[in-house]
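Below you'll find a set of structures to go through.
In what comes next, chain A is part of two complexes: it sits with chain B in the first one and with chain C in the second one.
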Partner chain A sequence: MALRFATQRAASRAIAKNMQVRGMATEKQIFNQIQATKNIRKITSSMKMVSAAKLKGDEGRLFKARPFNAWTTALCGEPKLCEDATYEELPQKCLLVPFSSERGLCGGVNSFISRNTRNIVSILASAGKECDIVVIGDKGRAQLGRTVGEKIIRSTTDIESPGTFDLAAGITTELVAAGAADYDAVVLIYNSYVNPAVYKQMYKVITPFSGEGEDEPMMEYEFEPDTKSEVMKDLYEMAITSQVFHSFMDAAAAEQSSRMSAMESASKNAGEMIDSLTIKYNRARQARITTELIEIISGAAALED
Partner chain B sequence: MATPTTFWRLAGMSYVQYVTRASSAVRNAAKEPAKSKLAANSKFSYNASVWEGGVQGKKVEIDVLSKAGI
Partner chain C sequence: MTLNFNLPHETIYSEAKVSQVIVPGAAGEYGVTADHVPLVAQLKAGVLQIFHEDAGEPEKYFVAGGFSLTHANSVTDISCPEAVKLDDIDSSAVSSNFESAKNAYTSAEDGSAAQAEAQIDMEVNRAMGTAIGLNLN
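== the complex of A and B ==
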């Protein structure tokens, strides 16, 4: 009789263990969730360390690119902040070149660039101005292709990092093939690295060095031989290449810093999730132990009777 | 269009192409170990595609400057 009771109790316990109460996770499920979250935390913290190491290299390249590109400030002006910009100074026909990343899990870098690019497109459209877009980077291509795809004329994706001046020369050749000389300005939109925690969206306006009469550029210089138009064409292409090089280095450093802080947040969130799941798991475990003790004690009490 | 006067334009190169070729020549002229250290500066690779009416065209791999802009 006692054996029959014990068998029945074991059977009912087995059924209760396999039965899932709707909306409530079992102990095993919670344990699996904890293990999965621990694995994710390991991945995100190793990604953070990899990004920190890559940021060091990208920062070094950016600090060399800044003085290399300093001469363009005299011709094209300083880069401007996208935040609260009115873009009134943009001319009738612009070629927009947004810089985005190739890989994801890098925080908001690509979303900010896409948003600013769409903002510029709508401001130019409302002012009766025209624009076309050449996208740099796969993430920007995907986001802008969905929203302003009809404006895109070229894209460069799957860019091998780290970037070099030859890459900037290639991108400039793509821009020239897209007709950069026929536009009134080339506008580079990129993320500018400030420090490992901060990056800002900036834009640069590069206008062709051409004009007649009063608009003729560099009137104070004499050109020997008198091939000013050729020199201006070469200078324009070199200015675009140098600016693209600097913007690419800046964007790469900003991407790594953003990825680092995104992975840091993800690791911290995973840690908090593990803590709350562990409490839930312990509660479920204690409930199971209590149930088993009650059954044993009830069974023992029944036997005594 | 006026006849070009600079030697790189006469050779069919833009100024940027001429500058990158000149830089590669200087890097190749360096002695070891600088030469192998600088070799990576000549390398780049990306895929370019032309868009028509909001639709992306075929991707073309570009790893030398002469292929770019086609």
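== the complex of A and C ==
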């Protein structure tokens, strides 16, 4: 019985000790928290300003890339929205190329792309079609590697922003080396910049420019030099390069605008946290002063008596 | 005819009304005017001449390659990875680039990728030289 009381007392002492530690944070601790949060707010707000400046540059590059890529629309069709897409038109064997970012802290851009890519993979699987994936960007590789990793045949690393036409040409060469011509279609999945607050996921389907008889593409055009098949092969590579370049610029602008709004929210949240912590700090400070006053006064009163 | 002349980093002409364009196709130069037969041409390194409607001197650009697509509705799309106005070409830079490309060509292994790249370098610089009146060999 004595033992039980002893354990009970030890337990209640332990609980009391824990409560002491977990309870009201001291003035100093709250002060440290406020300082840390202020530093974070400085960082996020400067990241926001840097992103706003970079967004201007990325927007400009996108506005030049759009007319440069305009001629491919006649051959490949318009890019389509991923939202509510059924992907019925995708052929038997597809090469999916999702565009993601290298760095993080950019809001939802990469999660949306991963989600849509996984969705396409499952829709293709249920329709009995095959696909392989070439990932552009580190973040996409990490996210997709966890879920559909066995389909990833190639991925890029250390892409320096901003991308250039040379980079797009390099990627196309890799795609061709990975056997792009063996696939029935190359599908680019990317975020498309609408305005600084809005971006949408889009996909482009690029089918090889081949086909015999009735299916022969571009029947009404003459070709120079005369060997149409060779010109078509080079035209196909140029079309993919141009489309990859345009998707790059679009994705970069979308990423930058998303980063800007993510950092804006983070700064706002940090500001709110600082306000509520400051109130807590003032309360703790006033409580301490009151306690000191009470001690002094009661000590003085005790002496008088 | 309507001309769209675009580079990845610059939109030179968009929906511009011109009277004629002389295009350096891989099989030779040819002119495009309104109502030309639809034609897809691969471009070689050479001079692209744009004749504006006020019938003055043509505007000359050196293009390193690319594609020209002339459509049935008298619209021509010219898409090149790089192009530069002839006036902006520095002739001393062209000569020195040609010389270094030639050295790279002769010192490279026969049939290697480096030799092929040096050969392309030489041909583009030679074409640039011809465009500005230099005779490089």
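The definition used in the following text is that the second predicted complex is superposed on the first by the 279 of 305 C-alpha atoms of A that agree within 3 Å, B and C clash if a C-alpha of one lies under 4 Å from a C-alpha of the other, contacts with A are read in each partner's own complex, and residues count from 1 in each chain.
Rule of thumb we're sticking to: contacts are C-beta pairs under 8 Å (C-beta built on N, C-alpha and C of every residue); 3 or more make two chains touch, one makes a residue touch a chain.
Given the structure is predicted, the values throughout are model-derived calculations rather than measurements.
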item: Which superposed partner A:W71 touches (first chain B, second chain C, both, neither); value: second
item: Partner chain in contact with A:T164 - chain B first, chain C second, else both or neither; value: both
item: Partner contacting more residues of chain A (chain B vs chain C); value: B
item: Partner chain(s) touched by A:M238 [first = chain B, second = chain C, both, neither]; value: both
item: Touched partner set for A:I153, first chain B, second chain C, both or neither; value: first
item: Contacts of A:R61 with chain B and chain C, given as first, second, both or neither; value: second
item: Partner chain(s) touched by A:E220 [first = chain B, second = chain C, both, neither]; value: second
item: Which of chain B and chain C A:R141 touches, first, second, both or neither; value: first
item: Touching both chain B and chain C, residues of chain A; value: 164-165, 169, 225, 234, 238
item: Touching residues on chain A, where the partner in the complex is chain B; value: 141, 145, 149-150, 152-160, 163-167, 169-174, 176-177, 225, 227, 229-230, 233-234, 237-238, 241
item: Residue ranges of chain B in contact with chain A within the complex; value: 2, 4-6, 9, 14-17, 19-20, 23-24, 40-51, 53-56, 59, 62, 65, 68-70
item: Parts of chain A lying in touch with chain C, wherever the complex brings them together; value: 61, 64-65, 67-68, 70-71, 74, 164-165, 168-169, 218, 220-226, 231, 234-235, 238, 242, 245
item: Residues of chain C that touch chain A when the two form their complex; value: 4, 6-11, 14, 25-27, 30, 37-42, 66-67, 69, 71-72, 77, 79, 81
